[in-house]
Each structure stands twice: as C-alpha cells, then as structure tokens.
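Okay, so here's the structure we're looking at.
Labels run A, B, C and D following the written order; every chain starts at residue 1.
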C-alpha cells in the first residue's frame, strides 16, 4: 500500500469548504441498462474546492454514475445541475466545453499522436480549431499555441514526462498513458474533474504525487470526484468519501466514518 | 489418485504484468479461494492458467506436467474445467446442447448418463432443457455454466466469480455447490468477490492485494485476519507478510 | 396477373441460388467475424471449372461436382493461406476485410487474364419445360431448386442435430468457452471453411447454370446481394438467411417484370443501406457483438 | 511520346489530388470513404455539362444542366458539386457503426449511384456518358504546347491544394481531427464535436475530389460510368495506405506508384499477349502489392508523424513499438486477437 502523507492544514481547509455552494449536483439520478438498474436514485452535491472519493464493490454503479454526470450515459430519471444550470440531457461535448471533464478508467490516449499533442488537443477555446481560422493561416493561432505549449510542458515536467513530449503516445507504458490522460484533463481547465480509477498502473511515488496534485487542484477551486479502489489515495486526497452498494449511496462522510460503515464492509465481504 | 495444480512464481497479465510472483498448489478434494479487492487481477490468474492471458514468468504444473501456456482445449482434455465470469454458457444453444458441448470429449455412450447426472445435481435445469441459454435467469445460467464444466468430469474446476450478478440467496446456493463438488474428490479453485461468504465454504484461501499475494493460509485464518484488519486496512498485509505468507 | 406470377417464379429460382450463396457466407462470417469479400471470386472460379469440365465432354452434374470441390479447396486455401496468417499478425477487422479485397482483386483479374475477359456460354440443354398453375420451370430450374432445398435443410439439420454442427454454433458464439469444453476450435474453424466453400461452390455453379454463362465478374458482381441478405438476416443465422434470400429475390424479380429490371442491384443495395443505417446488427440481431477476429 | 508524358503528368495531378483528399478523410479523419470516386465523378460530369452547352445542341447526347461557361467556371462548378454531394451523403453514411460496415455502406452508395446514372440516361447520358467536352482555352494555343500548359495548370492546382492541406493538417483543427480519429470517446470528453469536424473534412474532401474529376474531364474530354467503378476508389485507398496513412508526402508517393506507374504507364507498354491482358494483369499486381504492403508495412512507406507541434527542435521519437503499426489501422480499439 502506498503511504501518502500530506500536510494536516491542507485537510483542514478542505473540510471547511464543504458548506460552500455545490458546483455539481445530482438529483435522484437513475441509470438503467435494458432491464438492469445500475444507479438507483442518487442525490449528491459536490462543492467547488472539494475532493470526493466514491468507493464500493464491483457493480455498485460508480462508473455508471460518473458516466451519467458527464453525459456519456443517458439517465432514465432525475436531473443533473452543473454551475447552477440544469444540464440533464446535454450532449457530452457541450458539458466538456463548459468545464466538466472526465478521464476514463482505461487510459484513452490518442495513440498515433505525440504526448505533447495529446495535451494540446485539450486546450479550451483554441482559435485554430475552427476551420475558417485554420484555413486562413497559422499567424492567427500561433500566439495562443505557444502559451498552450508552455503550459503543457510545465504539466508534463510535474510528472517527469517532459522528455517524452514528442514520443508517440502508443509507445508509453499503461501507467504513463494514464498520467497523460490525467494531465490532458487538467489541460482542459476543468471546473469539475471526474476521474475513474486514476491510480491504476501508477507507481507508488506517482500515486503520492497525484494525491498532492488533487489537493492543490481543490485549493484552486476545482471540484474533484474520483472513483478509486486504492484506499491510500482516497484517504489522503479526499476530504469526503461516498460509499455505494448496488446503485445506492449507503454512506457519505469522512474516510474514517466510511471505513467503519458496516453496510460497506458487508458489501465488500459479501455477507448480505 | 491424487491430482494437483501447482503455480510456481507465476507473473501474469496482458501487455503488462498484473499479478506478480504467485505460488500456490491445490490438490484433489480441496477448494482454494482467491480473494482480493476489485481490480486485483484475480480473474487474470485463471485466464493465464487456461492459456487466455499471458504468463510473463513462472510455470504452471498439473500433476507434475508443465502446462504453462497450453491451449484451453488441450487442458480440457487433461481434466481442467473452467467457468468464466460472464460468457459462461453458449447463448444461442439450448441447455441440453450446452451440456452436450460440455461433454464434447466424453465417449458418446457416456454423454447421456453424464447429462442425467448434471440434471440430477441441478434439478432446476431439468424442465428447461430445451430453453436457450440466454433466456435463463441469472442463477440458472450459472448452474448451467458449472454443470457444463462438470460434464467433462474434470479433476480440477476453475470458477471465475461464480456469484457475480446473482442475488444473495442464489449466491449462497452456488457457493454451497462448491463443497459438494470437492466432496466428490475434485479440486476447486474459485475467484470470488464475496469474501466472507466464500471463505465460509472454501478450505484454503489466497489473498491478493496490489498485484501481489499477501497471504496464503487456511480459510478460517484468512477470514479472521480480514475481520480484524479489514480488506483494505492500511499497511497491515506487509506486517503479516513475513509470518503467514507461504 | 400472369406477369406477377412469372415474377414470383423467377424469384423462387433466384432465391434458391441466393440462399445457398448467402448461407456459405454467413456461416463463415459468423464464425471468423471476417467480412470475406473474396467470396464472390471463389463462386466465379467454381462456375468456371464447371464450365471447363462440362465443355470437355463430361455431364453437367460431374462438372458441377468438380466445381464445388474446387470451391471448397479454394475457400480453405484463402482461409488458411491468406486470412489466417494476416489475422495472426493482429490485423483488426477492417484491415482483414481489406485483405480479402486484395485477394478478390488478384483472383478476379487472374481469371480475367486467363479467360480473356470473355463470356462463356454453357452448352448443356436447359431441358423440358414444366408448368405449375402459371409458373414455368425448366428441368435446370427444378434441379437448382431441389439442390437448394436439400442443401439448406441438410445444413439446418446438421447445425442442430450433429456434434460437429453444434460445435460450430458453439465455437461461433464463443471460441474461448468452446476451448474450455475441449472443442478443438481450430479444426472446427477449418470445417466451417470447408462447409462455407461447399455452399459457395453450389451458389456459384447454380448461378452460372441459371445464367447459362460465366464470366470473370460474375461472383463479385453478385456479392452485394449476398451482403444484403447476410446483414439483414443477422450474421450467422442460417435459417433467416434462406428466408430473406427468398423474399428479396421475389421482390426484385416482381419489380423487374414491372419494368424496373435494370434497377435490380439498386433495390438490393437500397435494402442493405437502409438496414445498415437503421439496425446495423440486422433484423434478427446477434446475441453478442463480436469485436475480434477469430480464425 | 511527348503527348504520353504530358498525359501521365495530368493523371499524376488527378491521382495526387484524389489521394490527398482521401488521406484527409480516411488518414486523418478515420472516415472509411469507399464512395470517394463519386466526388470525382460528379466533378467530372458537372465540369463537362458546364462546358458542353445546352443538351440538345450536342451530338444526340442527353444530360441535365447544360451550359457553356467560360474558364475556369466549369472546373469550379465541378468542385462545388463535389462538396454538395458530400454534404448529402455524409450525414447518411457517417453514423456510428462497425468500420467494416461503414466501408460496406459507402461502397453500396457508390454502386447505387453508378447504377442509377448508368440506367437513367437522362442524367448524364447513361453508360456512354459525356464526350466531346472541349478543353478550356485550347483554341488559343497550338496542339503541341497546349498539353504542357495543361500540365502546368494541373501542377499549380496540386501545389495550392498541397499547401492548403498541409496548413490544415498542422493546425489545431487537424490535431482535433486526428484526436477524434484515434479515440472518439476521449475527444468528446474534451469537448470536441466529432460529427461537425468529420463532416467538415468530408465536404472539403468532396470539393477536392470534384476538382480532381473536373481537371481530368477537361483534359480527356470524355467520362462514362465505367470510369468510376468502385475499384477506382480502391486504387486511391491503396495509394494512401501504400504511401502512409496520415502523411501527405506518402500519399503523393502512393498516388505516383499506384495510380500512375501501375495504371497509366501500362497503357503505353508495347502490347503483350491478347489485347486487355495487361489491363487485367495490372489489377493482379495492385492486389498483390496491396497484400505485400499490409503484410510488411501496414503504416505505409512514409508513416504519419506523431508530432506536428510548432517547435520542431529535437529529434522525433518514432520507434515502431509492439503496439504500433498494424493494430492502429483501426482506431476504435477493435483489437484483433487471433485464436484457434
């Protein structure tokens, strides 16, 4: 297990923020596939500046909930509010443009592109991304491109990937690709960051750095929600833990409270 | 005659290693549960044994024969049965056809009696013998999956999360079947999510965490260990490592 | 009215041919998941061999038999010799379909350069004409229909009643589970290539017999009809493929006698296009969506 | 002989334009456009009818929209028509489906359109097609200099399109396009609109295709349905994959090798065997070359460059990894695993 240590004052500031207005709210969200119900009426608020960990056994509906929030999975009932607006049923790319960014469970990188290009894709509001601007010539987008490149390089050096900037992404290891995907999500300047098992395949020291990074993001006002099986990361990075079993929230509180939760223990141990 | 499956310093995965340096052995008449939190790579171990995942290092022996990387159908002919987690029955085939395929390697005259035996063991399947497998309920389908694997009279049975997607009472039922199967002198290796429930029926257990085996012992001590420390308790497995890891 | 009846008559004959052709295709596609576009080429080769044997003095039945055997060998050769090595290199589905296009080009134009791209007329007599309440059939037509009914019934029975047949369906549903049952999947796949080749040959030979001629583009030009049937019926479903073949053929022939004969292909392809756009998995669906090449 | 060389060079320009347009759609955009030849056909037909004058005026051939426009309007009309056709068939064929099915759907569109034009004589004079289309401005030049001027005109269009596509491919627009190709779901999660982006390049490809068709039509003066069978698209696909998917210079090499050397130069070989033998054999060679490329260099002769950013300093790390090459022709992660 990774032994992640963070400054105690950091955790204190995080806990205080909980009363703030929610950046993201789900209201009685239900997700069904065919006849099966994956998420059964989840109502949660995620404040800006918080890190929320979602835990629970396989099939608890964690990934479905995250998919529903990001608009990738259609919801059968309920509503989702983001930044004060009802965004239920919005196409996922609109939500992403508004700052709701999700990184997937299996590293989904753009394999035939370089690591740096992978990050640059995510830069929001690129002028040169519009066909009319691109056709008129690079002088219209070069300045913005340069500053984006600088930001991307500094993100890459945070995770020791700067020397791989021009490497084709499919040549990286699984763990490195996972980091590229995380950094790419940061590059998109998220207001809400949804992470599905970010620690899979990461070396222990990188999990530690990830935990620090998530805390720093929250301090800057980002709302982070992560699904995680690596309890060390949950314990150190999140100031609130939500436990899900069979599509429902069974416990919601601090890591210590959740750890004591009998409902969750039972679900993990299988003695229903 | 006693059967044994032996894993020696096995590292398995796909492109990358998921479970490192795993060693255990199991012999006839006993059941061994492989447990751990989600994503620990438990299922990959079974897949590597039957040649569907990659063995990066180490060897697998069956009755002293090195069977590392053998194809599934060769292993089946040697007496290794396998029930996958999801695609555990042929969906477009009837129950009877599924069982017949399970007994593909049997001499023709033994197929009928083997089917009778399986239907005897799982009476619910009897009335549904002409039903297509994908029309069965979850519990029936899992019974069909196990019954199909038993058709070939395997001396060792590998079960991958047999209770996933099953209601609790059905799960209990399926797990109880495990002890019935071992009492016939077979060996069962079961990968399971429902830790406590499986530890009550299994003889021994191997706890996997962070891609490495943390504990291998009799089921009762593993259960006690988990009950006192929790499945995802901090640092604890490493304290135990020196003592109870075989 | 009599136009309609004769249209139905033509439809039954061409439906008989189409059902045999599409069954061979769908069996192979359902098993390996490779869109084998070289299938039409093998149909042409079978028909051509039949022509050559027939022209050198043997009866049309002997000639057809030899043609079908050649189709089986050719199908196995394409499966073993080309598609399997490429699949083992790890090419994805799309690239595998592209490989088969390459094979088809080589085959078609080798045939073209050998046959001088000419059309060869069969010499055997079409036989007596029979009338059944307005429907007119020649002996050849009746033989084609009989072969089709017998072979379709035989494969349908075999797939459900024989050990190999059930093993084919099992392997096609899940190869890894089939291996866990002890089924030697490699042998089963090879058997499927042979059976697919058998139907491919029957389709090609009967197609040429009903056209009374053969040329190098015959099979590949026929492929769109087969694709339409297979995708509408759902990959791997033999019974539905036969049914859809019959319906599609009757519709095309009836439309043909009412003046739309030059739009035959367009009708078939429009049906296919509509299916691809509305329900890409086919009317009768698959139980699992396979995403892997299995050879 | 001189006329041969200039003809081959015009064909080179036409094939290169086609290969680049297809490379934009297929190589960078991941659209399996097996209906590409339709764009060229429409461009050729429209450029033709816009130069021929009204239908009744010519020698017993019937077609729609006859007009006699001055240079270069017929060519431009052809290009615009290519774009419009793309706008019509794009929404229907670019739904989410298996890539081999998408290829089949595109192929089917190409065959249907070809059949309709063949059978409905009123549109573009059926199978015989258009003939006697005048070459623009040819009356002002001698017969010996005109072909060379046309070659220069073709190479000029090539240069313009090359620079335009290069600019587009290296811009953030091109980067987004490649990202959508590599992983659509991930691109959506970053706020990209795959449908709009793909549709844009589908139409641009249509315009360039129409331009290529018009350029050829105005040189050779005739165009019938046999000139745009679906195999012709296959020549371009082979050229793109041969040269290197996603690489413009590669596509040019592919177009030169496949389109010009194999298809056009053979027309000028001394006759071997019976007439038509060479024509058949060249398709055999293309098929065989295709298999060889798929076997040895699935990424093509000049593979796509991974890094296209602004700062060009530093070596590009481009090893062919275990996961590279073959598996990447398919971008939806449909990994082929061979079993059995």
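Quick note on the criterion: contacts are C-beta pairs under 8 Å (C-beta built on N, C-alpha and C of every residue); 3 or more make two chains touch, one makes a residue touch a chain.
Just so it is clear, the model here is predicted, and its values are computed rather than measured.
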Partner chains that subunit A and subunit B have in common: none
If a chain touches subunit C and subunit D alike, it appears here: none
Most widely separated chain from subunit D, with each centre as the mean of CA atoms: B
Chain pair with more C-beta contacts, A-D versus B-C: A-D
Geometric centre distance via CA averages, subunit C-subunit B, whole Å: 42
Subunit A and subunit D: spacing of chain centres that average the CA atoms, whole Å: 42
Subunit B and subunit D: spacing of chain centres that average the CA atoms, whole Å: 55
Computed distance of Cα centres, subunit C from subunit A, in Å: 50
Multi-chain contact residues (two or more partners), subunit D: 323
Shared-contact residues (touching 2 or more other chains) in subunit A: none
Touching two or more other chains - residue numbers and ranges from subunit C: 176, 179, 185
Chain contact topology (line, ring, star, complete or other): ring
Contacting chain pairs - touch in the sense defined above: A-B, A-D, B-C, C-D
Interfacial residue positions of subunit A with respect to subunit B in the complex: 1, 3, 57-59, 173-174, 197, 200-201, 229, 231-232, 235, 259, 265, 268-272
Residue ranges of subunit A touching subunit D (in the complex, touch as defined): 70, 72, 92-94, 96-97, 101-104, 108-114, 116-118, 120-124, 126-131, 133-135, 137-138, 141-142, 145-146, 149, 164-171, 181, 184-185, 188
Subunit C partner contacts - residues on subunit B that touch it in the complex: 50, 52, 71-73, 76-77, 81-84, 87-93, 97, 100-102, 104-105, 134, 148-149, 151-152
Residues of subunit C touching subunit D in the complex: 35, 82, 84, 86-99, 101-106, 108-110, 112-113, 116-117, 175-176, 179, 185-186, 189, 224, 227, 231, 262-263, 265-266, 269-270, 272-273, 276-277, 280, 291-295
Of subunit C, residues touching subunit B in the complex: 160, 163, 166-167, 169-170, 173-174, 176-185, 287-288
